Amino acid sequence: MGEAILFWFFGGLTCVLALLVIVMRNPVHSAMALIGNLFCIAALFAMLDAHFLAAIQVLVYAGAILVLFLFVIMLLNLKDHELGNARQTATKIAGAILLCWVAFKLIFRVMPSTTAGFPAVGDDYGTVETVGRFLFGPHLLPFEVASILLLAAILGSVAIAKKKLW
Amino acid sequence: MESSFPILSLLLWMPLIGALLILLVPRDNPKVARNLALAVSLLDLVVALVVFFSFNPLARGTQLVEKWTWIEGLGVSYHLGIDGISLLLVLLTAFLAPIAILSTYRAVTDRVRGFMFSILLLQVGMLGAFLALDVFLFYIFWELMLIPMYFMIGIWGGARRIYAAVKFFLFTLFGSVLMLVAILVVFFTYHAQTGNYTTDLYLLYGTQFPVSVQMWLFGAFALAFAIKVPMFPFHTWLPDAHVEAPTAGSVILAAVLLKMGTYGFLRFAFPLFPEAAVRFVPFIAILAVVGIIYGALVALVQKDIKKLIAYSSVSHLGFVMLGICALTPAATSGGLLQMVNHGISTGMLFLLVGVIYERRHTREITEFGGLAKQMPWYAFCFMIATLASVGLPGTNGFVGEFLVLIGTFNSDALPVLFGSPMAGQVLAGVAGLGVILGAIYMLWMVQRVFFGPLANPANQKLKDLSLREAVVMVPLIAVIFFIGLFPNFFLSRVEPSIQAFVQDVRHRSQLAQKIDREPARLATHILEEVRHDQ
Amino acid sequence: MDIKTSILLWIPLLPLFGAIVNGLFGRHFSRPLVSAIGCGTVGMAFVLGLVASADIFASNGEARLVQSVYAWITAGNISIQLSFLLDSLSVIMVLVVAGVSFLIHVYSTGYMRDDPSHARYFAYLNLFVFSMLVLVLGDNLPVLFVGWEGVGLCSYLLIGFWFEDPAKASAGKKAFIVNRIGDLGFLIGMFLLFGAVGSLSIDDLRAGTAQGLIAPGLATAACLFLFLGATGKSAQIPLYVWLPDAMAGPTPVSALIHAATMVTAGVYMIARLSFLFAISPTASAVVALVGGLTALIAATIGITQKDIKKVLAYSTVSQLGYMFVAVGVGAYFAGIFHLMTHAFFKACLFLGSGAVIHALSGVQDITKMGGLRKKLPWTYWTFLISTLAIAGFPPFAGFFSKDEILWKALSSTSHAPWASWVHLAAYGMGILAAAITSFYMFRLVFLTFHGKSRLDPSIHVHHEMKSMSYPLAVLAGLATVAGWVGASLFGIHSFADFLDPVVGAAQKTAVVMRDFAHNHSIEWAAAVGSVAVAFIGLGLAWLLYIKSPDTPWRLAERFRFTYRLVFNKYWVDEFYEAFIIRPIHAFSVFLWRIVDVVIIDGFGVNGPARLLKGIGHVGRRLQSGNVQAYAFWLFAGVAGALLYLALAVGVI
Amino acid sequence: MITLQHYLVLSAIVFSLGVAGVLLRRNALVILMSVELMLNAANLALLGFARQLGDTTGQSLALFVMTVAAAEAAVGLALVLALFRGRGTVNVDEVRSLRG
């Protein structure tokens, strides 16, 4: 029962904050909402026994990526008139609504409804050790490729940010 | 039949090595790039000559075969080989490359490395297409030729080069895409019949198709090749491409690239789908004859020398196609020889037009007149090329045209295929009118360019052929007369392959059996007895 | 292969060698050296011809030499040897060709002395001799055809020798193209024969004909196509139009190519294939009829021409007509006989006219000459002798050969049902043409050499040159005596006997004698008749051009239309221009401008391109450049796919 | 009882909100943040499935997604910076170089 309360709490908060991210006019506010959203998702991760990832979520997202966002926002120091208005066209809103509607319909109808909860898992599920063994065992190659990807992203963003592209 | 030394591979890849070396040459040193390209093409010619002389003229099949598995799962192999049909065309390609390169020494001054790279890459494509005995390999080389030629026209061409290059590209691509589809159908049909995947040409020859399917497949192949030949009414890319292409591009385009189409008919379209082929022969033969007359008539009224020669190519290639369609050894040998002849004489004409274009920057016939006075050696060379082109006996053109016409005229296949006893006679007769028209448009052009008063002041200071230009012409003239006087040197090497081709197509299309039911028209054997009695 | 046989190849090769040397290096040689190479090689060829023909003369035409040099074209069932044949027929041709060529080469050293393109001239001339010798020596039709086209090429080059004059270059081109039309006929004839016999060698064709491999209908078709070739080469109706224009070339060329040798190739070819023409009475009759018509019509045109060379050109056409009458009525040896005598007297006439033109620095209009008899005595006397020969006065050569032809036409018929009439008609036209020939030839002599000088006073008459006079004398001598070898009227049959091994059998097949054929009194009467018409022509010419020189102009005024019709050569050139050349040209422009540019390129090629471009223009609106719009379409696509999925499984 | 379905629906909602943000907002920064939302939604679903199956592979996969997200954010933000320097705006409506 406690699990359900936590899920509904964090789940509802996640939805609200995600909505705030996309409706706030000022990007700083959006970023703040996003931080909250990420924390809630981290909590949900923890509820799914992914403790390690929950930690990473907080560290990487809230700690690194969001800080990056905020740095950029401050660097740009946008004036009020530069923020612009979200001039949504009717077609786009209609399209978005249609998309959501179809998606929900599908999700509720297509998937087999189960009432059973999650099966039990071992204590070591989602621990740093288990995930680490996976990463450095069968997934070693993708892991190293990911590091190269990050390196490329670092170099790329430095190169792009230094140049005047347009 | 495995040859110990992969000489065909050497022949094929040497230009590519040269092309890569050219990329290493510094940008500001065009001279080195030119000389390197020339050296590589000359070396390649030497290799081609070695191939030519190591070819056994008596054997029927493919020789100097090299075969290695390439893509095992699809049965694709790296399969090269040469027979009498490809032998001549390979030699022609290797022979013309140094000449074309030498002709660019003054004409191409911009992006020389790129040009030389293109020309050598083009040579790889052409040689590969002639040597490949694997459909997949052939298709790769076939498309490979397209790219350098496209750039040669599009970058080093004349004023409307983009239009011409795109037109050339799209025409060819249009046909070759259909051919690709047909290749895939053949490939999967073979798999359905035998359970194996292969793209080896000789294995695919054995595939059995219902005639209705064959018709579609042959149609797809024939369209691709007919565009390349080009046959009427798919010829309109040719005048544009020739007019806009640089001289070397025109030479290679006319001399070798067009032969891809006719070669394709001989190597692929006819042997792969013999039953459909013989059903299509009446249409192709009629189109060929229409092309002969049409090209000649349109050439008659051209104002641009290059365009005139381009339309004359349409006419000449019509003879080649007619020779193939006649399905007699004489006519088909003549058609094959005519491919080479056209390459030599038309290539030479384009070179000569290039010479005058470098001096005057125009090709309008009305701009000239009386050049024979100012440039006697130039006029001499032009005259010889003209005479070869109109098929004067003693030059190469005569032998080819004569064999095509006499073979068509007395073909035992055409009357059966047309269902009319006079078919061969009528076709040859109408095609013969093309010979007359050929003399008319060529001589009229020669007269307007070379004879009459030297009125235009711009022409009064023209210089005659330089040493380099003369060096380019001499081998061509020598070959013109050599083939004209000693055609058997080549015909004897071609004969077994052509015999095999004709018999194979006739036999597998049931044509031979139909002909046997016809009353004998040739009374050669009676004559033999007469001779014997005397 | 013994020496005499291997000589054959060298007969044509020597002039070819001369042509190559003079053509490539001649401009660096001195003029005498060029002339020496030119004349020497041809002279050597003549000597070699004599050496090679010794056996044939000794055996009175029975012997023959065949030299097979190498296999030229072998493909499928076609096998063509490069081989030469010397028999009595080709002996005559080789000696006439090489001999007359030699004389004309010598003449040319004088005539072309001051021309800047001296070396080129001799190269062309030698090349011509080479081609002509190949033509007459060819052992099979393709080799003969090599020479056949080769002489056409040389004719083209030599007519347009002074190419800076566009009219002359055009005349050369016209000659080549008209010849090509005939050549196609020749080719088709060859193909037909090959289809029937499977070989193109003369001997095989002869054997095949004897074995009946060639059906009569096929023989007629083949002969008519071959004859089309002959009409082109030998300037007969309807393809004679090039020959008068061909006079644009240097005069020795006209003498050699357009009078003595090349234009007789058609006659030679028919004589060579006489066995074939003999089995087709229909084709033979056509040959005779066309020959007779050409003889008559060309002669009438000759009456009105003012250019000294044009008169001779039409006279050549007319005389060639006689030869065709001869081979048409089956008198093959008579055709060759006339060919030989004509070669001598017509070459002499042309060279004489050349001497006149040379002396007058290029004047060719006979109405502006007159009274040259005293100033050019050599020319006058040789010209007169040749005129007497061509007009048919005994004892000059032309009388014997022409009389032989006319008598054979009169006294024979063939197996074709209407041949009897055709032969009579040919005889009638021939005798009429003989009268006209005599008339216009003496008109030419009188206007040129007699009467008062009408020369432009500014013209200085040059002296005659020895290099030009000696060949004239030799030819005039031949024009006098050459007829005697075959004067059957006096019972001399040596010429006919000599040719008998080649054409005799064919002659027997082709000809049906009329009942009076062996009646000598009728033969004599016919001969007297042809001499009489010659006198009539002479008398008329004397009346009109010596006695009362004003009458011709009055007659021309009186019969204005007829005069203009004839003077303008019956407007045949104009007819060809309007009804053949112009329509072809217009049709070609139509093909190019309409079919190529509008239909194929416009609808077939650029049409789809434009359609695609139009679609592209519509599609371009979608490309707003707004990345979000692209993303929107992306997600809209996903939504669409999901919707489809939902509908498909019946969720919604 | 909280089942896998709950997590999946939650994930779908967050994903859809992300999509809506990408489509409707003009501010390049907010668009990037919306993309982060979408990636997180995907991760949530991934971990849900992993928990259901008891398979740790899903977790390591989620880690890679985060790596990609980090890289994406870095490059994307660099682009925004460059865009702002060049055009003086972060409004994607004004960037129309792709216009056909």
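For clarity, chains are labelled A, B, C and D in written order, and residue numbers in each chain start from 1.
Everything that follows uses one rule, which is that contacts are C-beta pairs under 8 Å (C-beta built on N, C-alpha and C of every residue); 3 or more make two chains touch, one makes a residue touch a chain.
Values in this document were obtained by computation on a predicted structure and should not be read as measured data.
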{"item": "Middle chain, criterion being Cα centroid separation", "value": "B"}
{"item": "Of C-D and B-C, whichever chain pair has more C-beta contact pairs", "value": "B-C"}
{"item": "Chain whose average C-alpha position is farthest from chain A's own", "value": "C"}
{"item": "Mean-CA-position distance for chain C and chain A (Å)", "value": "98"}
{"item": "Distance from the mean Cα position of chain B to that of chain A, given in whole angstrom", "value": "64"}
{"item": "Distance from chain D to chain C - Cα centre to Cα centre, in angstrom", "value": "92"}
{"item": "Interchain centroid distance [CA atoms averaged], chain B/chain C, Å", "value": "36"}
{"item": "Residue list for chain B, restricted to those that touch at least two other chains", "value": "none"}
{"item": "Residues within chain C bordering two or more other chains", "value": "632, 635"}
{"item": "Chain A residues counted as touching two or more neighbouring chains", "value": "92, 95, 99, 103"}
{"item": "Partner chain C, residues of chain B touching it in the complex", "value": "167, 170-171, 233, 236-237, 294, 297-298, 300-302, 328-334, 370, 372-373, 387, 392-394, 398-399, 402-403, 405-407, 409-410, 425, 428-429, 432-433, 435-436, 439-440, 443-444, 447, 450-454, 485-488, 491-492, 494-495, 498-499, 521-524, 526-527, 530-531, 534"}
{"item": "Chain A residues within the chain D interface of the complex", "value": "3-4, 7, 11, 14-15, 18-19, 21-22, 24, 27, 30-31, 34, 37-38, 41, 44-45, 48-50, 52-53, 56-57, 60-61, 64-65, 68-69, 72-73, 75-76, 78, 82-88, 92-93, 95-96, 99-100, 103-104, 107-108, 111, 113-119, 121-122, 125-126, 130-131, 134-135, 138-139, 142-143, 146, 149-150, 152-154, 156-158, 160-161, 163-166"}
{"item": "Parts of chain C lying in touch with chain B, wherever the complex brings them together", "value": "70-78, 142, 145-146, 148-150, 153, 156, 160, 163-166, 169-170, 173, 176-177, 180-181, 183-184, 187-188, 190-192, 194-199, 204, 207-208, 211, 213, 584-585, 587-589, 591-592, 595-596, 600-601, 604-605, 609"}
{"item": "Residue ranges of chain D touching chain C (in the complex, touch as defined)", "value": "19, 22-23, 26, 31, 92-93, 95-100"}
{"item": "Residues of chain D touching chain A in the complex", "value": "1-10, 12-14, 16-21, 23-27, 29-30, 32-34, 36-37, 40, 43-44, 47-48, 50-52, 54, 56-57, 59-60, 62-64, 66-75, 77-87, 89-91, 95, 97"}
